[in-house]
Each structure stands twice: as C-alpha cells, then as structure tokens.
Amino acid sequence: MNLNVQALGAQALNILNKQKAVVAIAIIFIVMIFPDTNFYTAGNFSNLLEAVSTNAIIAFGVTLAVICKGCDLSVGSVMVMAGIIAIMLLNSGMNMALAIILAILSGSVVGFINGFLIVHQKSEAFIITLGMGMLVQGIALLLSNARHVSASDPNFQRIANDNWFGIPNIAAFMIVFGVLVFLLLRFTSFGRNLYALGGDYEVAEHSGINVLRTKWLAFVLTGTFAAVAGVLAASRFNTGIPIAGVDIPLMVNCGVVIGGTSFAGGVGGVPQSFIGIFVIFLLRNAMSMIGIHPNVQMLVLGIMIVAIISLDCFAIKRKKEAV
Amino acid sequence: MTKQLTQERSKFVDFLLEYLVLFVIVGLVIVTAIVEPAFLSQRNFTNLMRQFGALSFVALGMTFIIMGGFIDLSVPGMISIIAMVTLSLVDIIGEIPAMMIGLLLGTMLGTLNGSLLVNVGANTQAKALFITFGMSQIYRALALILTGGFSMNWGTLFAHPMPVTRALGSGMWGPLSISFWLFIFFLVVLYIFQSKTFLGRAITYTGGNLTAAELGGIPTKRIVIFIYALGGFMVAVGSIVLFSRVSVTVPAIGDFFERDAIMAVVIGGTSLLGGKGSVIRTFMGVALVILMSNCMNLLGVQTHVQEVVRGIILVLAIWLDHRRHARG
Amino acid sequence: MNNNDVILSVQNVNKSFPGVRALSDASITVRKGTVHAVVGENGAGKSTLMKILSGVYTKDSGTVVFDGETIEHTTPIQSIRRGLSIIYQEFNLVNTLTVGENIFLGRYSEMKGMRNMHKQARTLLDSIGSTIDTYRLVSDLSAAEKQMVEISKALSFNSKLIIMDEPSSSLTADELTQLFTLINDLRSKGVTIIYISHKLDEIFELCDIVTIVRDGQVIDTKPIDHLTRGEMIAKMIGREIENEFPSRPLVTYNKVVMEVKTINTRKLKDISFELKKGEILGFVGLVGAGRTEIVRAIYGADKAGELKILMNGSPVKIRKPRDGKHAGIGLLPEDRKLEGLVLPFSVQSNIVMSSLENISKFGFINSSKEKEIAERQIKSLSIKTPSPHARVKTLSGGNQQKCIMGRWLEINPDILILDEPTRGIDVGTKYEIYLLIKTLVENGSSVIMISSELPEVLAMSNRVLTICEGRISGEFNPEVDSAHDIMDAAIG
C-alpha cells in the first residue's frame, strides 16, 4: 500500500516535471479566480493573445533551431530590422505586398548567413547568433537613423489590428503560422529529419540524411519567422522601434525551453513552444492584473527563467550520472 | 619542396591570425593619422584615455570567465545593482566603506552565479549564457525594487562630499587619468595572476579541457566559482568607475556592457572555446574597440554605420576564432 | 568453390591509423546463407574490418566484393542500400524518436505518411515475432528490444548480409534464446549473418563457420565442427609472449597499500579486493564489463552509491578526483584525447598539470621548477618532441601517453591506475611503457592495469582479477594459471 502511494507520487512528480508549463498555467488560472480583477474578461484575453502572438511566431522559428541542438539569439534584431524595412519600403512608395515580402526575405538572408556560419563553418550557434544580432541591430539603427518610423499608409496598420470574426488578425496569423510549422515538423521529411539529427547527429548522417542542408534550412526558417513577426509587430504598433528587440531573443529561447524543447536536442514542437511563451505572458498579465509592480514582475520572471533552465540542466546532468 | 613552402605559408598565416588585432591597431593608427592629423593631438589622446572606462574593467574580468570556458551575461544587472547599492550607502556609512560594500557585493553576486552553474551542472557556455541572462534580470529587478527605480545624481544630490569618486571620475595624476592608472594597476596584477599563479593556470586548464583538468586533480568546480567571483569583483570596479564618470546613475546604466565586454575580449583574441587568452589581449581588444570608434568619429562616420561596422567585426572575430581552432 | 555461393569476399585488405597497423592483409570469404562467426580479442581488428565494410572507414588497399559487385568507396547509407547492414553493440538509433521512425530513418519521403510508416514497421516487427509498439520511444526500450528494432531496420532494406557486433552482450538468457531462433530463421530465409562475439558457447551453438582474428591479421577460417573450444582460445591469444615484454617485476613488499571493501553502483556489484605495495594488479574483462567503472569509482571520477576504501589501513573519503589524488592515487584515463590531455596546450603544460600545485608558493608558480619538471620527464621518458613548448596534439599517440605518464610520475603516487595504457601505440613505445611500469613498482608504487590485450596483462601482472558483468569473477596468478582459464573466467 505504502509502496503504491510512493509509486503514484513518483509518477505524479514525473508528469509534473514533464508538463511544468501546463501545470503553471493551470495554477495561474485557478489563483486568478480569487482576486477581483479584469482577468477573466474577453478584453483581457484578447489583449493577452495579441501580446503573445508576435513572440509566439518567433518562437515557432526558434523551435526549429532548438530541435536541431542550436539556438538563435539574433531573432530580436531581425524582428526589429524587418519591421523597419517594411515600413521604410512602404513609405518609399512601394507596393505593400512587395514591401512585406522583401522585409521577410531580409530575415531569411540573416538566417542563411547564420546557417552558413553554424552548419558549414562549424561556429557555435549561440555565440555567432549573438554577434549577428549585434550586426543586424546596427543595420536597423542605420536604416531608421535611430528614430521611430511610422507607415504613412493606414492600410498597413490594418494587417495586424483588424479582426477576423472576432479574432484579432494578429492572433489569426499566429495560428496560421503555428499550424504551418506544426505540419512542417510533423508531416514532411524535412521535419522528421530535423528531429533525427537533433537527437543524434551521427546516426542521422549515417542514415543518409543530408544533415548540412536540413540544419541550414532550419536556421533560414528561424530568421524568416522572426522577420514575419517583425512585420506584424510593426503593423500592430505602426512603428518600427530600432531598439525594441533587446530582451526578446533570450526571452523567446527561454520560453521555448520552458515549454519542453530541451537544449539536449531532438525533442519539442510547436504546441510546447506556444505553451512556453504563453506561460511567460500569462504570468506577466496575471501579475499586472493583481497590481504587482513591474519591477517585482521582472524579478519573478527572472527567477522563473533561472529555475526552469537550471532544472533542464539538472535533468541532463542526472541522466548522465545514472549511466 | 612545395610541401615546405605550404608549411611556411601556413606558419605565416598562423602568425598573422595570432597577432591580427595588433596589425589592425597599427594600421588603423597610421591610416587615421594620415587622413586626419588631429588624431595625434594631445587632446585626442586625453580623450582616448578617458574612454578606457568601466568597459575595460568589466572586460578584464570577463577574460577569465571566457578563458575558463564560460560566459557571463549578468553584467548589466550587476552593474545596476552595485551602483545603486553603493550610492545609497554613501550618505549612511561614508564613501569609502560604501565602495568596499559595493566591491564585496559584486564578488558575492559573482560567487552566486558560479555556484549556481556548478551545482545545477550547467557545464557548457550555452547553458551558462541562459542562466546568467536570467540572473541579470533578477539583479536588475532587485536594483529597481530597492531604489524604487529613481536615478541618483551624486554630483548634486548628496550631502556627503565624494572626493574619491570625483577623483576617479575626472582626476589626473601625471600625464594619465586616475581611472587609467587604476586600469593599468589591474592589468598588471591580473597579468601576473594569470601567468604566474597556480590559480591562473588552473583556469586555462579548466577552459582547455574540463574533463582532463578534473581528472588531473584540478578543482574545476571551485575554479568556475572563482572566475565568476573575480568577474563579479571587476564588474563592481567597473560599476564604481562608471558612476564616478557619469555622475548620474540610472537603472539602465549597465545595458550593453556584457555585449561590449565579450566583444572586446573576443576581438582581442581570447578564444570563446576556452583555454586560450590573456588580459593583455583584452587590453588590445578594448583599445581596438575604442580606437575604432574614435577613428570613425574623427573621420566623420555616422554613428549607426559604426554600429554595423562593430557588428561585422565581432562576427568576423568569432568566425576567425573558430577557424583558428579548426586549423589547430 | 562456386562463386555464386559467395556473398562477401574480402581480399588482402590493409588499414593503418597513425602509429598502428589495424589490419594487415585480411582476407575473409563469407558464403550465402551461413552464420559466420568472427572472433578475436578486443582490438584484434574485428571492428576495423566491419567499419570498412559498412563504409565508416576507408580501406588503404585490398579488394572487397559484395554480392558480385566490387566495392571501392562506400558510405554507410550506400552499403545499407546495397544490402549490407551492421548492428553495432551501442546501437545506431536515435533515442528521441519512435520505433517506427527509427526503422525508416531518413526515408520519410518514401513512406507515404506517418501512419503507413508505422504500419510497415508493424509488419516488419511481426515478421520477426516482436510485439514492440511502433509508437514507443527508443529511449524507453530495453537492449533486447533495441536489437529487434535494429534487425527490423536491416530487414526493411532487404539486407542480404547482416553483421551483428556483440549482439548478446546485454541480453538475458531468454532474450538470447529468442535471438538465436530469429537468427536461425533468417538463415533459413537465405540471409547471411556475420556474428561477432567473445562468447564462445554461443558461437558453438549458433554458427557454421568461424574466422579468428588477432593483431589485425586473419589467423584461421574453419567450419565450427573442426575446432574445439580450446583450440579457438589458443588461436585467439596464441602469440609468443617472451620478447615482447620485460621480465616480470617481483613483489618484494608484504604490505597492503589499498583495501577496497565495497563498491556498489548501478553497474558494479560488491567489488572488493586488496592491492599490495609494489604489486601490479591486472584487470581482465570484456569491454563494458565494468573494469573502467571500478577504477573510476576508486579515483572519484564517477559517483558511487557505496564506496569503502582503506589506504594503508585507514579509511579515506573519495568523492572527486582531487580526493583520489590527495589519497595518493593517479589515473591514466582510458580516452587519452578526451580525458587525459589538453590538446591545444604544450607538452610542458600537460606534463606539469598535476604537480603545479606542489611547486607553487603562496599560489605563485616556481617557473624554473616547472621547466625543470618538464625537461626531466621529457628526458627520463624519452618523449620525442621538438621542444617542451610544442603542442601536445602534434605528438604521436605513444608520446602523448608518455606525457600523461610523466604527469603522474612527477608526483609519485602510491597507486597508479593505468586504463588501456598501450591502446593505439606502436610496439616500440609499448615496450618503453612496460619498462616504465616496471621501474615504478620497483620504486615501491603499486599499479592497477586494465588492458584489452590479454598477453600484455598476463606478462606484466603479479596478480589478475577477472571482471565479468560488474562483478569480480575470479582471481588468478598469471605465472601459474593458464591464459585459457583466465579468458574463460573473463568471458563468463
């Protein structure tokens, strides 16, 4: 009997460990029933969804990089740069669709260079993307002359801010891109190969998978998605802010890991990443609702990041020692 | 014959790569001096010297962390909290004791970072990167909570006179500024530490091959904690120098210092792969970064173009580092 | 012999690695529909040969003909598609993926969807009588189940030849019976199996023909019923021992320097033994039997659940390598490059690593002493290096190993543990290392020596412990007991 309880306990702990983020979300929802706030209102959820959207789109891209045992810290700068490029091209009189496509392609180019340096030149992903982030940040500053830029065409704002049967457009975009990446990972050989090479690079290589091309493509897509998010963010606020993207890359990479996509590679996916990002924003939102000071919010988030990444490291360490 | 020739050439390339930063500095000085003679003026020299501020101290500390195979992104938060705490204490316990507390705080926070990493088994640079990023958020939040997020202006606000801070900020001693003397002092001490002491050498072993160092009886865990503690101490020094220079401290005072310090260290030629590097190299790296912006300013290059150039140089430096490693 | 009958023909294949000749003029002919055993000691060249066949290594010279096709250059995937699969001891599976995906790894585009893939995987697994759920993660499978997945994977390529490297090493008796049934079944369907194993009983039970490999050479190929167990062991180890080794040092002390009371870990069970002063104790066992784990636990490199050690009669606590070092133990690790050397550093730095602390005063290194140490060790070990400042990675394997030896000789530990001290080292340097070991014990140190080369352990050791499946399975005196008996106890 006693043993049974213990076993049950161990099992519960195991599930808890795997579904940390889901548990955290559940706790937040339950706790928020008690204080008298606007938390449970349609308006708040709509706000929350809008705030999550751009970051989630970046996270979908970053998921690809993390699955193949990399990471991408240039996404914040890419996002900012793409927003600025879109607005500036638009203001120069270019057709809107073309301007947006070019802006998104700028992200693909950064991703392509990242991929080249990481996959082909065997540079360490996190440090080279940190450097690329700086470079791209410089480009964004250069393009905008360090000023906020706004689109003169009011239609540009509508891309993100209109509603579509009650769903904010930007959230609809997030869902579309989420489904897209989900399908890509689930049902294409690119996706399956990505998991394989993240799980075991050599086995994947020996199985005839073109590891170089697959991993390279993953980084191109990561850059592309960051640019998509950048265009949407620019449309949402109708500004391109050249230094807005400072904390985003680390936050998003952390969110992806919080959701269960481990640095050990080979696991994770779109739902997990969404949950990881969602929990960060939900926590922020809930804390604001209760009236917790932004400074304390920052502290709580910092502690959460450290705790969850530490747990991930600790789990890998324990696994190694057990062998 | 051809083989020998290729070998010779390969040696030459190695040599070039090894001292690249030096060549670039010399080239930069010559070119700028020709194009813009004001570069060599006494005033510009004083100006250059003043630039060796907080960044150079932070970079010296970061050198050991990177040499040990790790990285520290918690610098902005640490600078912020140290500056805030130190300045808050000046009116209560006096200037010098407050600074001592600041230095102690930096060392303690560094120790905390290192112990955390060691104990959760974050034994790679990537893991250290994320955890120290989180720590930076925590430190900054604490700084904000403790001070209520207000900026502090010691130049006008405080009743207590602050002679040491003032001297550190703008004082000269002989031909050089006092903060530059301080920098030279730390450079020499840390150079001796790095090349002559057991601990200094143990750091390079740890960065060169953690497993081999551990099996060879080197206390790698303590070494990792130590490099973070040393890094924290140097951040504290940098923090004090920083607020002494700008006279107003704001919570965002330390932003981008981690980035610039890593850049200076890597450009100097200390390998991000660990095990290889020197504070002298970091000195050259800082010098190059400062010279570069000085030259570009003199030559009238737009500030944002400068950002791009710095970014390109950083990416090139990282890439070169990996290439050098691949060459053996 | 009818040529159509031959599935694989290897003629005069050579392969060298820096400092070692791994294969010399190896020739094997494998006939269709047989189970062909390849036996030999660890490091005899079996793996090298198999890796050449599978395309992981490229041969230096010689010819390989598979299924009537001469193969010059191949990659792992090409040889699998040609119908030659190899199942490694450590398995070539991606742990984070499901069983079905592993079977069809890299072939998703050929599969018409995930569901169909799992369906085909199911059919394959059913055909070999396995009930593993194709949606399970490989990381959750037992070794036997992983083997089934590997075999299914091989069959999915319509393999004509399957090479199994130590397939039985982690199977229970029941699982082994199942494996044998399966192999017999495959044979009757015309699939050829090359079965690599140390376990001679299995080979007699299962195989048709056996090839014995030793020192990179093929010694003999014979039908199994033309050989006795004794003859096979003799051929596996039988080489002249006399001139290869220095004369065995004698134990002149009668003092126990270390007493291991118990070591218990997940892998090791109730390890206990004594080590005398001035003694060379040899550990004999198969790779993965737990030899390395024992010494790593003693030195503090691995965490042990239970560890009780007495040094010179008093208990010591060893939790990390530094404790081991302070207790007077030194370890020359198994993997020279990953665990022993700091490759980008100089010879001098690598030699002085462990003694640096002792020549420091108030934390400052005495650099003239440092130089002295490096020069002394380079000279006394005759390390061939252009200068003490040359990078250690430019040295040959033997000289690299001597640098690590020098590191420990300098601090003169009571016990020096040598894990595979001569792996990948040329014959001349091997002899020098034997002499060093001899000098060491004559000066009063004790040595624990692990080696996969049986003759080496037998010639050098005063006493031999055999390790089998995490336990000590026997104690022998190599001067009296036969190599045959020792091998027998080690194989288990």
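Here the chain labels run A, B and C in written order, and each chain numbers its own residues starting at 1.
We adopt the following convention: a residue touches a chain if its C-beta (ideal position, glycine included) is under 8 Å from a C-beta of that chain, and two chains touch if they have at least 3 such contacts.
None of these values were measured; they are calculated from a predicted model.
Engineer: Comparing A-B against A-C, which pair counts more contacting C-beta pairs?
Structural biologist: Between the chain pairs A-C and A-B, A-B carries more contacts.
Engineer: Taking each chain's centre as the mean of its CA atoms, which one is most distant from chain B?
Structural biologist: C
Engineer: Counting only Cα atoms for the centres, state how far chain A is from chain C in Å.
Structural biologist: 44
Engineer: As a quick test, compute the distance in whole Å between the mean CA positions of chain A and chain B.
Structural biologist: Each chain reduced to its C-alpha mean, chain A and chain B end up 30 Å apart.
Engineer: Send over the residues of chain C in touch with two or more other chains.
Structural biologist: In chain C, nothing touches at least two other chains.
Engineer: Where on chain B does chain C make contact in their complex?
Structural biologist: 196-199, 201-202, 204-205, 208-209, 211-219, 221, 275-276, 325, 328
Engineer: What residues of chain B sit close enough to touch chain A in their complex?
Structural biologist: It is residues 71, 73, 116, 120-123, 125-127, 129-131, 133-142, 144-145, 149, 255, 259, 262-263, 272-273, 302-312, 314-315, 317-319, 322-323, 326 of chain B that touch chain A.
Engineer: Can you tell me which positions in chain C touch chain B when the two form their complex?
Structural biologist: Those residues of chain C that touch chain B are 299, 301, 320-322, 324-326, 331, 333, 338-345, 349, 353-354, 356-357, 360, 363-365, 367, 391, 393, 407.
Engineer: Inside the complex, what are the residues of chain A that reach chain B?
Structural biologist: Residue list for chain A touching chain B: 71, 117, 121-128, 130-132, 134-139, 141-142, 145-146, 246, 250, 253-254, 257, 263, 293, 295-299, 301-306, 309-311, 313-314, 316-318.
Engineer: Would you mind writing out the residues of chain C in touch with chain A in their complex?
Structural biologist: 56, 75-77, 80-81, 92-97, 101, 105-106, 108-109, 113-114, 266, 302-303
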